[in-house]
Structure formats: C-alpha cells, structure tokens
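In the two complexes below, subunit A is the common chain; its partner is subunit B in one and subunit C in the other.
Now for the complex of A and B:
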C-alpha cells in the first residue's frame, strides 16, 4: 500500500455509512455520520466506470467549486475519498429543500419568512459570484434547508467560473422554468445576471406557491415569460434581436406585477421587478439586492429557527433523495443536460394541487375586462 | 326560555322578534315584501343576525303614522319601512299601493308596494345608514394592498366616507351618484376581482369554522368514549378482585395491593397517548414562538469580506487583446447577453493582489526585506 492509498484509507475511516437514502443516474446517496463527533453527514457515491470518458463532468465541477467555497449559505463539502473504483463526496446533511416547503400546503408563509429565505439565497449567491462562480441551476429544489433553518445553495454540477474573456459558454443550462430569456435566445456570453433571473423566479414562486413561469418547451418558455412581463422592445433590452437563436414573438402588453402579486408590498415588487429586468446588464446584482430597502423594511426577516418546515414523513424514497442533494434527477436524462428536459414527473405533481398551471395566463383576465 | 325574553321585552317596552321565526304576523300577509337590496336601491333589506335570520324591530308603542292605528287597537300591527324611510302599517300599504305605484302619504315620493322592508333598528337613521353602507361597500371594496402607500389608501377611505355621508344626509345626491357611477366604470376590473376574493375569503372562513366544529365534536366524543372505558375498566377490576378474593386462598391485602398497582400502571400508560393537535393551536404556537426568539434586522453580508479594493484601482480601459472582440461589438451579441469585460479585468486584478498581505511562511529563506520590496513594487505596477 503506497502513501496515497494509506491516506485515502485513513480518510475513509473518518466517516460511516448508515443507510441508502436515494439513487440517481450517476450517484447514490447514503446517510452517515462522522465517526469522531457523531455528526450527521451525507455521502454521495459517484458511479465511475459507466462513462467512457472517465469521471462525470458534474462530479468534477462539484468537487472543484465546493472545495473552494465555505459559507453559511452554501452547502459544505467536508471530504472527498475514493473507495474501490468509486468517488465519494462527503457533504453536510440537510433535512429538506425549498421545493418541499413550497409544496406543503399545510404550511403558512408569513411575509417575513419569504424575506428570510430570499436574504439567505442572495447571501449564498453573492458569495458564489464574489468568488467568480456562476451556479447556473438555481431552483427551489436546489436550495436545501438545514435543521436550524439555514438555507444553503447546493448542486454545483452545472456551475462554472466566469469572467474569463473570449470563452464561449453553453446556453443549455438552468432548469427551463428558471432560465433567463438571454439563454433561451442562445446567448453564449453571459454573466451573473442569469442566476439573478432564477432567484427572481424563485422569489415569485415563494409568493404564489406555484411555479411562476412554467413553460412547456423552450419556445413556450419565452412565450410564457413575455406573456407575464410583456414582450421586450429594443429599448428595454438593447441588442437582443442579434442573439443567435432570436425569433420574433408576438407582442404581449406589459402588465404591472401588482395585478398578480396583489398582497405584496411595494418594496417587495420593486426588488422582484429588478430581478426580472430583460437587459442582463441592468438586472440587479446579488450585492445590490442584499442592500435593497425590501430587506430593511419591517417586518424583519424571520429568524431561521422559526421558518416553517414540512412535517417529517417517510425517510426513504423520493423525498429523501432530494434531501441530500438535488444533483440526482429522476428523469434519467443523465447529468449535465438536466436543463434540457426539466423534470416532467415533478411538474405533473405541482400542477394537480396548483389548479391553474399557467400563472401568466391569468393576467389576461384583468387586461381584457 | 322564550317566554322569559318576551317578558323582559314587555318590561322594556321592546322586544326583538326573529323575522323568519314569527309566523303570526307573516300569516296575515303572504306578500310580505322581502326585497334584496340591489346596488340601485337605497333601503335596508333587514339586517341579518349571525344565524342568518332577519330580526325585526317591534315595540309596544308602535303606531302607524298614516292611520294612527296602534298596537292596542290592532295587536297584529306590523310596521314596514318605505324606500323614503317612512313607517306605515301593512293595512295602509295594502290600501295605498295595491293598485300600483302611488305617492307616499308623508313625503309624496312615488313608492311601490314591493319596496317596503321590515324594520330592524329602532332609529330609522341607523336603518338608512346600514343600507347605504352596505350598498357602498359592494363597489368600494379596495384593500390596503391595492394602494402603493398608506397615504393614497387613506385618501380613498376619506372619499368613500364623503360619498356615504352625502347619501345618508341627502346632500348633492345627483352629483354623488355620478361620482359613484364614474368610480364603478373606472374600477370595474378591480371591483370584480376584489368581490371574488372577498367571497373566497368568506368561503374559506366558513370552511374553517366547519372544520373546527367537527374537530370539537370529535374531541368531545373521544372524551366521552374514554370516560366510558375508564368506568368499565374500574367496574371490571372491582369484579376481578371480588372474584379472586372468593376463589383464591391467598392473603386478601396482597391481592388488593397487586390489582391496585396494575390499575395504576394502566392509567399511566393511557396518559401518554397523543393529544389532539388543532391547526389553530399550531398557529398560536407559531405566534408564541415569535416572541421567544426575536427577529433581527437584516444585515446584508454576514461574513467579513475583504475585496482588496484598497489595493488596486480599476481603470476604464486596458490594452487587452483577448477581449478586443467584445469591446468592438458594443451593441452586439456579447453585450446583450450581459457579458461584462470589466468583470474579467477586475477578476484578474483582484487575483493579482490577493494574498499580498499574507506574511511569508516562517523559516523559509525568502522572508527577507528584499523580496518584500519586490512585492510592493508589483502592487505599485498593478495600480
């Protein structure tokens, strides 16, 4: 046994595996404990060998970025070790995620709760952006919530660093409902604004308790966005007509957000509208968002320990799979291309209880009458 | 029970009779007008009590102002209120208005028979105010959330109050009506929306009430069942002791002590069964919790973040061949996607200066002033 193997074996001994809590296309997730302290952890075992090109891309991204990031609102990668041919990531164990919270109809959200979740999301995102990392897959499912109520950004499988000049980036990222219009138009050079759009969609979803812009296809997504927020003009968004995949879409009128978010305060709508500005260069930055008056106004954001949490149900099966890390998806479409077909299975679920699927369409009602 | 309320009513000279329940007066007039007030009629349709029935005002001193008949002459006297808020008895109404619309004997306003309503309040002014407010509330149903700030909401409330006051006191009626019509046209969509929302909310409250009631009933029956069980058990154990005492030849005191101990154990096991959890209690616990841990004001960044901004100054332009393409295409595809060249420069600069203030490791040869000076010149060069 050489020195490297010895070090690896030593690392492995620091963690115990307890029970399998979920399986995805390229990873199996176990619940475990740190031997020394008894602290709960999650071990994500990445299947190697199935892929001809070696280790999967998203696993590499996850290790690469999480190794560098340590913040109260970003999931912590505690350790990495290998066992036989597998790669194991030791992650912080988190009970639930924001999607489960939103879907749990027995929970009541106070405006202060939404404010607290938004502040934590922006804080985590600001930390990523400050360290030149784009998350590129923000959605409620990837915002995990710990036992103490702290929200943590997880799943860095699609993340990458930005601000290196001249490199083209892929536009096939971010789950469709949370994807900004510039990516839908096939833009290959973008920046932090893409993540802010996703946060804006999550913000709206927290208030509506149902996805804000649920498009069926990429084309329909653009239509859904424009139906909700009005079709952008050259003035709203200079240069967007020159984007690679630009297609003219019928003209929808701009409707005030107030029509849909009737109970929201004006500060709140102001921040939301700044997150959903078409021109990416004018969209608010995470840092500016944190200094927005919305967060300073009364009511103060709820203390994390007081935020609503779904009741504990079965600790195995689907829910548990998401508990640890949203990186494992159900569709079996494989990692990395997750953005292309967003989880159909989950969308069906959210439709049944939501009643009205296309929120944006509801706006037409007031416009007509 | 009912005789007692009537008696106390006699003493006070007034009594409230439930309109739906009293059949004696209704039987005399099957055509009792029960007009639902619509938005264009200003008169009370009777005010409903929580059980959904209309209570009608009734006094021993009632006298019809038209025929001067009173309760002494006609025990079945029932006074109704006209659209112009004048009282008259049912027989007068029949006499005057059966042949069609006719002028009011008091104020000469043309009235119809169907437009008379039962009286709820002793003071007809209150009757009118209730009717006016009900009508106004139907259209002026905006909430605080429909306004950008408190100021405009207060202005709106004041306007509503103005209109109401005018209608109640008959000031500038045509002009006020025009104002209402104008408002209705301008805010048709919002009114409709709010009406729907209010209805939904009322529905929700009703459902909530129903659920609470069911839960209470369930809990009561559960309690009764438990009590019954306990009683049965007590009886059983008593019987068991007697049987044992009869049949076995052991010490009586020991037998009794053992069965007592068993009973105690059962009782303690029972108390651990989970109690009911009601949603209202859950909410209350949420409210109670909120006072235990106070919410703190927002702090934008909670980690100590040092941007090295004091170690460099960004220039507006750099000679950067790599980003040449981006800078050339000012309005083009790179800018439309939100790509910012300055970010790349900032990143490079920050990476260059990051760590400059970290002291070199102890025991390494290069920790001499010469190298430090070199780093300082590097900083100077960058900035």
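Now for the complex of A and C:
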C-alpha cells in the first residue's frame, strides 16, 4: 500500500460509525465516536463517484474553509479521509440547531438568552470575516448548538473568500428569507455585509419566534422586506437604482421597529436596525456589533449552559420513540406537544436522540451548488 | 523560525493571540527548514526505491540490480519541469494567477508525499491544476478541460483526484506570495514621496521574481510575505528598504541609520535583520528560479521509464497481481456481508436489527448498492 493510502487508512481507523442518522442525495451522515476518547462525532460521507466533474464545489468549499477555521463558534472539522469513492468529513457532534430551538414552543426565551445566541453568532462570524471568508448561507438551522449550549456556525458549502475586491461573485446565494436586498437586486460585488443582513433576520426571528421576512418568491422577498422596513430612498441607499436587477417597487412607509418588537430594549433595537441598514456600506460590521452597547448592557448574556434547548427525548427514562412520535413529550417540561416528523423509520431513529436528526438534515448540503 | 505552534487538536479557547497566518494549514503542515525538506525528500525517495526494488524482485529475482533508480534531486528536477508546464497550460486556458500558483503548490506538496516513480508528474500536474480551478472558485467543466489538453480523457484527470486531495491532506487553501506582493504594492503607495511610475516598474519586475520563485522551494520554507518582500527588494532595493523602515519607526520622526527601534514600533525585528533574513531567499530565487535544462530532464525521464514502479503500470505482472489481491479482498468482504444479511433475515426481523458499529465501520458499501 502507498504511504498516502496507509496514512488515510490510519486516519479512518481513528473514528467509528455507530448509526446512520440521515441521508440526502449526495451525503449520508453517521453518528460515531473517536476511538481513542469515546467522544461523540458526526461523519458526513459524501458520495463523490457520481459527480461528473469529480469532487464537487460545495464539498471542496466546506473542506477548504473548515480546515482553516478553528474557533469555539465555528463547527470543528476534526478530520477528513476518503474511502473508495467517498469523501468523509469528521465533524464535532452537535445536539440541535437554532431553528429547532426557535420552533420548540415549549421553550421560553429570556432577553439574556437571545443576547447570548447573538453574541456567539457574531463572534463566530467575526472570526470568519477576519479570515476573509463569507459564509453566504446564514440561517437558524445553520447555527448548530452543542450539548454545552455553545452555538457554532456550520455548513460552509456556499462560503467563499473575498480577498480580491473587484472580483465578480454570484448573487444566487443565501436562503431567500435571509438574503439581503443588494443580492436580490443582482449585486455582483459584495462583501461581509451580506452575512450581517442574515444575522439581523435571525436576530428578529429570535424575538418573534417566526421568520421575520418570509417572502414567497425572490420578487416577493423584496416586497416583504420593504413592507417591513419601508421602501429605500436614494438617500437611504445611494446608487441602488443602478443595480443590475433593480425594479421599482411600490412605496411602503417606514414603520418603527418598536411597533413590532414591543418588548425589546432600545439597545437591542438599535443593533437590530444597524444589521438591517439598506446601504451595505453602512451596515454594521461583525466586529462593531460585538462592541455594541447592547452586549454590555444588562441583562448580560446567559451562560451557554443555561440556555433553553429542546428536551432530550431519551434522557429521562426509556420512553420509546414510537410513543414520542405520538405527539406526547414525556420528558419535556413544557406543554408536552412536539411536532416530530411523521413516518420516520422508527427502528433506526430509536438509536439516536431526537436532536441529531437536525444534524442529518443540516449536514446535507445537497440542493446547492 | 517563529514561535511554537499551538497543537491543532487543542480545542480549548486559546487566550494568546496569534497572527492569522499561524492558524493556517500552510503554516501548520507545510513549512520546513531547508534541512527538513532535504531529509523529507531523501527518505521518501529511499523508501520508494526499496518498495519498487521489491516489486521488481517479486517479478523475477535479481531484476532490480541493473536498474538505475532516480535519486531525490532527479525526482525534484522532473517535478520542476512540470511546474513550468502548469504555467504554460494556465496561459493557454487564461486561468487567473491564483489558479496557477495554487496548482504549483499542490504539485510541490504532492511530491513531498509521493514519488515520481509511482506517479508521473505529467498526469499529476493535470489533476492538480483541475483541482486548483475548483478550490480557487474558478471551476471549469471536466469535459472542457480535458478537451483542450492533447491525449487526455476526462477519466485520466479524475482518476488521480482523490489521490492528490489525499496527499494534500485536504489542505486546499494556499497563501500566495503574489497576494502578499499586491499588499506591499498597495501599502507602499501610502509612503510619502513615492514616484508612481518608479513603483509600478518595480512591482512588475517583482511580480516576475515571484513567478520565478514558484520554481524554487521558497514557499515550503518561507512565508509568502517574506518571499514577496524579497522579490520587491530584488526589483528595487531602495523602495523595499524604505517600506521596511516605515514598518519599524513611527512615521512622525524620520529615522537615522543608527536609531534603535522605538518601543512603539510594530515589530521588534530591526530593519537590518529583516533585510538580512531575505538574503538566502534572494539567492535561492536567482539561482534556482529558472526552468531546468531540458536535456538533463529528458535523461531523467528516459531513466524513469525503466525504474517506474511495475505495480503502477497497467498490464504488468506486478500490476495484475496487485489487482487480483484487491479483488479477492473485496469479494471476501461482499461474501461476509451477504452472510450477515442472511443471518439477520433468518433470525427474524426482516428490517434488520439496529445497525451495529462493526458493520458500519469497516464496510463502506452500505449505501452504495
């Protein structure tokens, strides 16, 4: 065997797969362990053989950037190895994601909790941006949450570096509801501000417990944004009418954020409004956001371990998942109604704890290119 | 050369701040002292010769004695020739500089893990370049790529892609000297009394030197900024030292040659030290930054035909033997798996039991069929 193959085989032996926890078109995700320590990990196996152009771009992006990024608020890529025609990414195992947390109606968020999630998000994002990396797909279910409550930015399948100003980039990035207006207008030269807009949308969603700007189509997205924040004028956003895909949209008035976010502090709304500034050049940076008074005012951010998270379905006894699927949460402290996806293969699911399904979906970076 | 590196596995939050570059895989995995580099190549070559000798002997006893195997320098010479070919090919495709520089780095790194007697650089070069187009976000379809290269089928390029990616340890991100040079070019314009025409000429010459440096080992030993400064200094010693000076003294007080670095200076290394540090890089670029003598390489290539690893030559006895062994192993594995499945069926549950760790661990086929 060649030295390189041998090294690869050695790497492979450091990890075990225990259970398949999700499957997409291009990737299968397993839960497993690090042999030496017993630490839980996730292995995302990408089937490369079927791509006619070899290793596909999203796999390459994910590996390229995660190999370089080590930060407590960015998912850690522990190892990469190949097996036959598959590429295996060994990632730290994370229990749940922010989308599941937001959707779990049994959880109550304190202002300090929201502050903690925002701080962790901005910290991770500031690190990405400091490393000249744009994420380009921030949304609640790409923000994974570990057993200790730490939030980690994941899914770098659409990420790219932006060290070359003046290099044209695609505007077909970021999930619609979290996509900034400049991309919707076809802007091909953009920067870190695109990620900040997404974070602003997530910030609002944490307070509202429902997506803030849920447009139905790309066209409707702009309208949804303007309906919420007012149609931008030339003064708000100089030059936006010259963007490639600019279309005039009816004039919506500006309504103060306070009207919708009635319970938020003024610091909080000030930071939110700075994330949602139309002119990308004036939108706040991740670094400035971290220094915003919001994070220094009372209440201080909750400690990660104290943050609300969906109850572990297998933690409080031996309630079989079949029963949990019957919409009754035996272990949760809340009203006890759970929306579990129906008709999963129960036998397989019974191996895992509930939250890991999110990882499976999360790690499936299929639909994008 | 610099401070100790934090261990890559340490996930605890590091308090001390390290420069971004020191967090890169390039810094952590692909930096060598000149002696280490020689040692790596010599021992790799020795190990390769041993293995190939054995393969010859297994074929017919005593057949290796007459073979003149390549030594490490000869291997390197051949690689260097193909580094030059990358450049030609990139010109043909009009790939950006980043693609070319990345492919060159991949090729060099590949041959720190592999021998040309196993994998001929003319094939590896094509795969490295194709991979570089993807990792630098300039993808081109495999068909279009192979179409423009004589006597090359898409499968020739893809066949080695995994091997190349593996040999690189999946470290796809490269920090380039030409980017660092661009940084110097931008930065130096802020100095007082800079004549732009003089600067522009210097930049053009410096860029030429950066390209020459790609033919050397410089990037495996020095940082991109050290190489860039060297090239700038080769182009214009006065501009280079003016720039270095500006980094070490407060801009307010013009320095005298004897003035020690002030406490406020951004770095403790005085100017003279920096300019001394780049001396060996200068001579390396001037001495080795040219294409190798074609006749000498042709001689190496002629001998390579006789000392290639027979196990890698399609159709040779050794190749067939290895292939048979591989197939036998695969067949055994399939049989074992079928037996397991049969057993599961016989023992009751037609949906199979919960998946056991061993089953997933050493078998990679579970989703491919």
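Going forward, the second predicted complex is superposed on the first by the 312 of 369 C-alpha atoms of A that agree within 3 Å, B and C clash if a C-alpha of one lies under 4 Å from a C-alpha of the other, contacts with A are read in each partner's own complex, and residues count from 1 in each chain.
Everything that follows uses one rule, which is that a residue touches a chain if its C-beta (ideal position, glycine included) is under 8 Å from a C-beta of that chain, and two chains touch if they have at least 3 such contacts.
Just so it is clear, the structure is predicted and the values come from calculations on it, not from any experiment.
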item: Which superposed partner A:242 touches (first subunit B, second subunit C, both, neither); value: first
item: Contacts of A:208 with subunit B and subunit C, given as first, second, both or neither; value: neither
item: Subunit B versus subunit C as contact partner of A:3, first or second or both or neither; value: second
item: Subunit B versus subunit C as contact partner of A:130, first or second or both or neither; value: both
item: Touching partner for A:163 - first (subunit B), second (subunit C), both, neither; value: both
item: Which superposed partner A:72 touches (first subunit B, second subunit C, both, neither); value: both
item: Contact residues common to both interfaces of subunit A (with subunit B and with subunit C); value: 72, 130, 163-164
item: Partner subunit B, residues of subunit A touching it in the complex; value: 71-72, 108, 112, 115, 119, 123, 126-127, 130, 132, 162-166, 182, 187-194, 237-240, 242-244, 262-264, 266, 279-281, 283, 287, 290-291, 295-296, 299-303, 305-306, 366, 369
item: List of subunit C residues in touch with subunit A within their complex; value: 8, 11, 13, 20, 23-25, 44, 47, 98, 113-114, 118, 130-131, 134-135, 137, 139, 141-143, 154, 157-158, 161-163, 165-167, 169-173, 179, 351, 354-355, 357, 360-361, 364, 366-368
item: Complex contact set, residues of subunit A against subunit C; value: 2-5, 7-8, 16-20, 23, 28, 30, 32, 45, 47-48, 52-55, 57, 60-61, 63-65, 67-68, 70, 72, 76, 80-87, 130-131, 160-161, 163-164, 347-348, 350-351
item: List of subunit B residues in touch with subunit A within their complex; value: 145-146, 148-149, 188-189, 192-193, 197, 283, 286, 289-290, 293-298, 300-303, 305, 307, 320, 322-323, 325-326, 331-341, 343-344, 346-347
